[in-house]
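Common to both upcoming complexes is subunit A, partnered first by subunit B, then by subunit C.
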Partner chain A sequence: MTAIPLGVPRRLVEFTLDGQEARVPEGSTVLDACRAAGKDVPTLCQGDTLTPKNACRVCVVEVEGSRTLVPACSRRAEPGMEVRTDTERARHSRKVVLELLASSVDLSTTPGAAEWIRDYGAEPDRFGPGAARLDEVPRVDNDLYVRDYDKCILCYKCVDACGEQWQNSFAISVVGRGFDARIAVERDAPLTDSACVYCGNCVEVCPTGALSFKSEFDMRAAGTWDESAQTETTTVCAYCGVGCNLTLHVQDNEIVKVTSPHDNPVTHGNLCIKGRFGYQHVQNRG
Partner chain B sequence: MDLRFGDSKPTDEERAAVDALLGPPESSWEGADRSDADLRWARGGRAARDRRDLLLPGLHAINDRIGWISEGALDHLCRRLTVPPAEAYGVATFYAMFSVRPRPATVLHVCTDLACTAAGAQRLCEGVEARLGPGSGVSVERAPCLGLCERAPAALAVRAGDPVRTAVSAPATVEAAVLAASAPDSAPEEPPAVLAVPQAGDPSLSLLRRVGVVDPASLDDYRAHGGYAALRRAFELGPAGVIREVTDSGLLGRGGAAFPTGRKWQATASQPDRPHFLVCNADESEPGTFKDRVIMEGDPYALVEAMTIAGYATGAHRGYLYLRGEYPRAVHRMQCAVDRARTRGLLGDDVLGQGYAFDIEIRRGAGAYICGEETALFNSIEGYRGEPRSKPPFPVEKGLFGKPTAENNVETLVNVLPILTAGAPAYAAVGTARSTGPKLFCVSGSVERPGVYELPFGATLGELLTLAGVRRGLRAVLLGGAAGGFVRPDELDIPLTFEGTREAGTTLGSGVVMAFDDTVPLPRLLLRIAEFFRDESCGQCVPCRVGTVRQEEALRRIAERTGAAAADDIALLREVGRAMRDASICGLGQTAWNAVESAVDRLGAYE
Partner chain C sequence: MRERDRIPKTYTRLTHPLVRDSRDEPFRRASWDEALDRTARGLAAARGSFGMFSCARATNEMNYVAQKFARVVMGTNNVDSCNRTCHAPSVAGLSAAFGSGGGTSSYEEIEHTDVIVMWGSNARFAHPIFFQHALRGVRNGARMYAVDPRRTSTAEWAESWLGLNVGTDIPMAHAVGREIIHAGLANEAFIERATSGFEEYRQLVEPWTLSLAQKVTGVPAAAIRELAHAYARAERAQLCWTLGITEHHNGTDNVRALINLSLLTGHVGRYGSGLQPLRGQNNVQGGGDMGAIPNRLPGFQDILDAGSRLKFESAWDTVIQPHYGLTLTEMFEAMEEGSLRAVYCIGENPAQSEADSEQAVRRMRALDFLVVQDIFLTKTAELADVVLPATAGWAETEGTTTNSERRVQRVRRAVTPPGEAREDIDILCDLATRLGHDWTYADSEAVWNELRSLSPDHHGMTYDRLERLQGIQWPCPSADALEPSYLHGRLWEPDPARRGVRAPFGLVRHDPPVDLTDERYPIRLTTGRRLDSYNTGVQSGSFASPLRRGEYIELCPEDAERHGVVVGEEVRVASRRGSVVAPVWIDLALRPGLAFMTMHFPDEVDTNQLTIEANCPIAGTAEFKASAIRIEKLPAVTYVR
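So, the complex of A and B:
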């Protein structure tokens, strides 16, 4: 199968994917090619609106001639490359990486994690009850969003979204080193004492629920969060003239959170504080 | 970018430390008092952000003067360099030598790594901690390898102030280490570098021949002993000629990866993108390695000359010498050599009157093994966290500041001098067909004469150990440091070449040879290796960040166990180790399991 995006035609790169001929436009990643061919390669830190960081290593595949496995999300397809996505070697690494992650952080709100853990036969418990975990309490220091680093897999997406890739606020960074590395604002202060401008674009890209809307966090705590009962309506933000798309997530006739379509050519999923969080007036019924 | 700073103000001393490095601020936009002109001019923008690479020197300036980095000091530095405080905080917390919490002005780093542990570092630490408890004004920190393995156990005292003072105690006793920490100025001077070269005076030496012979402070002395003959020859040959000579010599990189140097230089030189950079990796932090230190302390001009030749060949006009922060004497001697070479026209706009401009900037590391990884080193110089980049693109294409960069280890560069003075054929005649030239080995542990040895490639491990006076009861030899592998006492006929060690299923790495006799508890040693990697993992990728922790936990569980009782955890170690080797971003995670695996398989450590 061939992936053909809209836009200026690009040259096609021909290579072998699991023994099959594959053709993708120049510049495509191996992951793009896998998805176009309908292959399920798990990813956690890869984001559709961000430059891949390839930090989580669950998307590793085998490339002929490469000493180590390579991350499919960031390796560009090259002519003549021979890629194998489902070898014992790649599956072993994915399984262990899932075990390492699930044994150190809470993946309960990570979409896809439970299925991959089952599919790859990962056993996160086998490191024993004494295995080091993050074990941090959620940080609730403002009314808009909550940071629960017990769920953080250090994918760097929030750092990139807050920094030069989108928001240019540079309020978030990785601090410390190794297992003690954490996502934090300057001096690891409360959010209210930081450079955060509450655009919520970090929440938008967080793949695990480590960053979540205060509304969602509270409803989950109360046991009332029910995604199956929610409707999503995409509309246009009314605050200014830019015309950003908003997707309203509504449960029981209440807006419970606001996201933005990533394929929108204007916002690419990004919003400002008003679009993201300023919806309370809609449901003030006096 | 709209930077937001907190309310904390720097103290006068902190401000002075930063301003001494960067010069006084010119406007209120970068931290000066507000003047009328500031109402009409906004300074900042790209020109200010382009100085981001001064972040690490700035953090050093504060840490050297005060001993730790306060909120106000960090904010002031960020304002001066237009760096977001969150990012600068992320950088400051990355390095082991910095602290963002108050601590005493004096820090005593006591090495607890392999050679020092074998030489009784544990007792030293306990003794020092008993004498320098809270209230002593000294913070005692257990440190990874300080690169003083030939004089183990070792301690390094650093007292903040203007200027910062340092004292090394090695081999250290409790009294000597306490004295170094409480009165660094009056501590006895370090022995000369030549004492780390047991072969000193041997006429067969090539790389080490000047160590102990020349005065490391004197450029004239260096020239009187053949210095700068290689650079003159380089100018005769021209850049392409130098690369041809280096390629023909068969020189392979000595930092551990054994990549052909000529090919790296050729690939850098041929890049159309400009400028090109040369980076010398002098961040040797591999436990058991100290050869670069001995060269820089004993023959500093040799490295200056070699870097100039490498810069000339690769089309670079600027070379960065990234020197590990734990080597104060090497930093001092290299700085002195660079300054004098510049004064004498051997660096600067017109090197040797040949119309070639080249200068060297020294950057101090701040305690991070990972910064020896070439791309992590670039990030560190640029003022970012020392996390490795994903490759491709490779440094020869996009390296330092995104430009084509040739990066070489100190020993690799110094080899270029005999290649040019003797010619490629004569150089290639030394050693074996595939491993040419001389090689430096850092021998430490259970030997009578630890130190840096120079042998032609092809000598056996046994010959080297005999030279160093191996003691009775040899239990194991670690080749290549913590990222290398153990071999048994009955494998001493392994030829010390890249191909020979590979065929024997081990690695030469950077040339570490650590001997351990049967008094050294092997499981304790393996645990120390695991602790080392857990401490030094940058934390970027999952296999390494969590894998190193899980491996350490497993080794802790089986520290006292063998046979069937350890089998489960050995299997677990293998599975995690395999994924780390396959899926980690960089060499640190990929090699973290090597030494322990070799101890299990070759030494039967838990049988």
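So, the complex of A and C:
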């Protein structure tokens, strides 16, 4: 019994991607295949540590024989499939999705959004100012992280990360329906009255900056946030023996935020309150 | 923004060495040269009566150099660290059964197991990311059982909570074992081939019927039976524990009692079946692996083994004392007797973390020479003759640490340290040079490579490989292969020669807590950790946690009512050692007669004034989990808010 279990052997799936032969391990998604082939398919709600949610629909591609466009993030590659990623229909769909999102919420801190809007020729202004849902002040009710729901695209990633996929705290949920749907903690309570345990795993997965570290929020407000001047160094948390990996984001020799590598076998991108926020003690320099 | 109730003391970084010319004088700033010369003189005068407190939060490389310093420069095996106050019984118990002190499983395995037993562990708070792996296991269909005096938030995820009386883990384990045997669920083939002492064990547990266990542990017989059957019938099962098991005067016996259950059922040495002690400090595992313990050389090689000694003697050009050194606990006792005169304390805070803290401070005050190397002027550093400013092991230092699943991972320097603070290894090497040993290491990797050349378990772990594979679990003897993620697969080998030494059942007996409750001290105080805080709070006190409410004495509603006290009201909490004043909190996780406190805010409420220094004779760990206390209402009611 000292043999090393190898798990189920994985077959390779062969299919066509934009006319080219593609081979990916069984179970891979079309998006995985696109990325392996170096194709830039935009995604917002896709999370590499989360089950695909199919919420944003910016990653849609055409699959031969499929009546509708399919989301690349959740569709698994099948033998003989013919996938086209850059057709007129797919591009048009992405353009409209980007227009709808950018017209209603603030995408200013969404990585990639500005480039995609330009690349796809999206015109968010064409729906007029009435489409905007911008009417909330950022919620700053604790010292660790801030919720700015004007930037929320309702992708549900924070709900999944706080809920059954990782943290199992269930502090975050969706309230309301249709146009009234919104992310909230416990009937819109302040975080400090909720079940939140401040692990920040929702901040880790938020694609738009609707959830952000208070340190980042304050520095952005002061105009001192400069990602190009930051270094990222991965080390190990010192708060218990589990050995969680921390990526320290450092600007001017100050740790400004802490994330965790998503492909790490210990953390899968998740941390607890101490690992995520308990770094200040090293920089209490009197 | 919500106001926090109380903000604990914030420590500022040490930026330059401090010395004082006599204990009556305050510290003054000194140059590194002066501080190191003073230290070298103080240590040179104490050869033969020296102790090294290494640091379970520092890197493997630092621990390797610290134990080498003790053994080569100071000629002693008196080197230990705070693992003594937490998981030394796990190491002692696992070593006695299997010859190796590490947890036997990986985190991934708990995601693919059938039964998870959390015994004396509030993992949801103390090890949250490990608990995520456990929750994945539960989501995949595993049944979880929580054995804990408190109905913790870990227990909320369990199939069943077994709320036993503090200090009755052995009766519980024995009753589980007896039930497994009587129900015919013991793994006879495994017992016969891979274990020894089963017959004696069977006789030992025979009196522990379910009804007797119910009487002693307070847990319904049906619940004990259910746990026994679930654990024994599972194809794979993980048994996890933390300080609820180890911080008792018989902690090692407790660990042996749990290991017995794995031997009885064959739940060890297979993928998904194992024993998992969850470590409290980032490098408790690595500190021991690096030889910063009094009985083992680096690579967990026994000091009493002449061949191991010879290997290190020739590598280090020295003579290694052929006997075990003193444990941390014994070093404190030796201070009392006057046979230990000088201590080098790196990154630990025993003045606040030892049980019966007042006694610990008195003993350290009696030393001829105390040097403390740390990043803060802790309560321990305040007692020192020389304070040396160091770098933070996890953010300002290059090296490695080893986690609870034996995974060695790289830590890296992300920020430059403040002022004149220097890396631990540099300081130690500088001191070694002053004491006649020319040690130069180009960097932490050079230290690691020296360790690799001496420790077969670490041989295959180059820095490059650790980086590429995101850490490697030991043992890793080969540079181009990996071992299974679990230990002791040898026990399942059909060939007796390859199966090796049998794993002995531990013949341990129930021994109730030393500090008995009586009419004067009717309440059982147990201690633990809160989610957002850590140890003596020196590090975790610095961030603004919205969850933090300072130190309280937590009582169940019935006890609060009986004493006529309400939430926020300050009361005197007295034990046979001392007393503290703390506000009351009501916690539904507690049962009548059981109170809970932490040691996270010792500057406000010094909980360890109450705890008892009743040590496990094998591992030296104190009985932090079982003090007898009483609650006294204060004459004038004071509300904190």
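Here is the rule we go by: the second predicted complex is superposed on the first by the 275 of 286 C-alpha atoms of A that agree within 3 Å, B and C clash if a C-alpha of one lies under 4 Å from a C-alpha of the other, contacts with A are read in each partner's own complex, and residues count from 1 in each chain.
Note that a contact is a pair of C-beta atoms (placed from the backbone, for glycine too) under 8 Å apart; a residue touches a chain by one contact, two chains touch by 3 or more.
Fair warning: this is a prediction, and the values are worked out from it, not measured in the lab.
Novice: On subunit A, do subunit B and subunit C fit together or clash when superposed?
Specialist: fit
Novice: Taking the superposition as given, does A:C206 touch the first partner, subunit B, the second, subunit C, both, or neither?
Specialist: Neither partner.
Novice: Looking at the overlay, does A:N168 come into contact with subunit B only (first), subunit C only (second), both, or neither?
Specialist: both
Novice: Once both structures are overlaid, what angle do subunit B and subunit C make about subunit A, taking C-alpha centres and a multiple of 10 degrees?
Specialist: One gets 110 degrees for this angle.
Novice: Using the touch definition from the top, say if A:L101 reaches subunit B (first), subunit C (second), both or neither.
Specialist: The answer is first: A:L101 touches subunit B but not subunit C.
Novice: So, A:N253: does it touch subunit B (first), subunit C (second), both, or neither?
Specialist: After superposition on chain A, A:N253 lies in contact with subunit C alone.
Novice: So, A:G130: does it touch subunit B (first), subunit C (second), both, or neither?
Specialist: first
Novice: Using the touch definition from the top, say if A:A77 reaches subunit B (first), subunit C (second), both or neither.
Specialist: neither
Novice: Examine A:V140 and indicate which partner it touches, taking first as subunit B and second as subunit C; both and neither are also allowed.
Specialist: second
Novice: Between subunit B (first) and subunit C (second), which, if any, makes contact with A:V13: first, second, both or neither?
Specialist: In the superposition, A:V13 contacts neither subunit B nor subunit C.
Novice: Closest pair of CA atoms, one in subunit B and one in subunit C, after superposing: how far apart in Å?
Specialist: Scanning every C-alpha pair, the shortest subunit B to subunit C distance is 5 Å.
Novice: Would you tell me the residues on subunit A in contact with subunit B in one complex that are also in contact with subunit C in the other?
Specialist: On subunit A, the overlap between the subunit B and subunit C contacts is residues 168.
Novice: Note which residues of subunit B are touching subunit A in the complex, please.
Specialist: Its residues touching subunit A are 1-4, 6, 71, 84-90, 93-94, 100, 368, 385, 390, 534-543, 545-550, 553, 557, 572, 575-576, 578-579, 581-585, 590.
Novice: What does subunit C use to touch subunit A in their complex?
Specialist: The touching residues are 1-2, 10-13, 15, 57, 107-108, 126-130, 132, 135, 139, 157, 269-271, 278-285, 375-376, 392-396, 401-405, 407, 409-416, 418-419, 470-471, 482-484, 489-490, 492-493, 531-534, 538-547.
Novice: Which residues, counting only subunit A, touch subunit C once they are in their complex?
Specialist: Touch residues, subunit A against subunit C: 1-2, 4-5, 140-144, 164, 166-168, 190-192, 197-199, 231, 233-246, 248, 250, 253-255, 261, 263-268, 270-275, 277-286.
Novice: Which residues of subunit A touch subunit B once you look at their complex with the stated criterion?
Specialist: These residues of subunit A touch subunit B: 54-58, 60, 68-69, 71, 74, 89, 92-93, 95-97, 100-101, 103-104, 126-128, 130-132, 153-154, 156, 163, 168-181, 184-188, 193-195.
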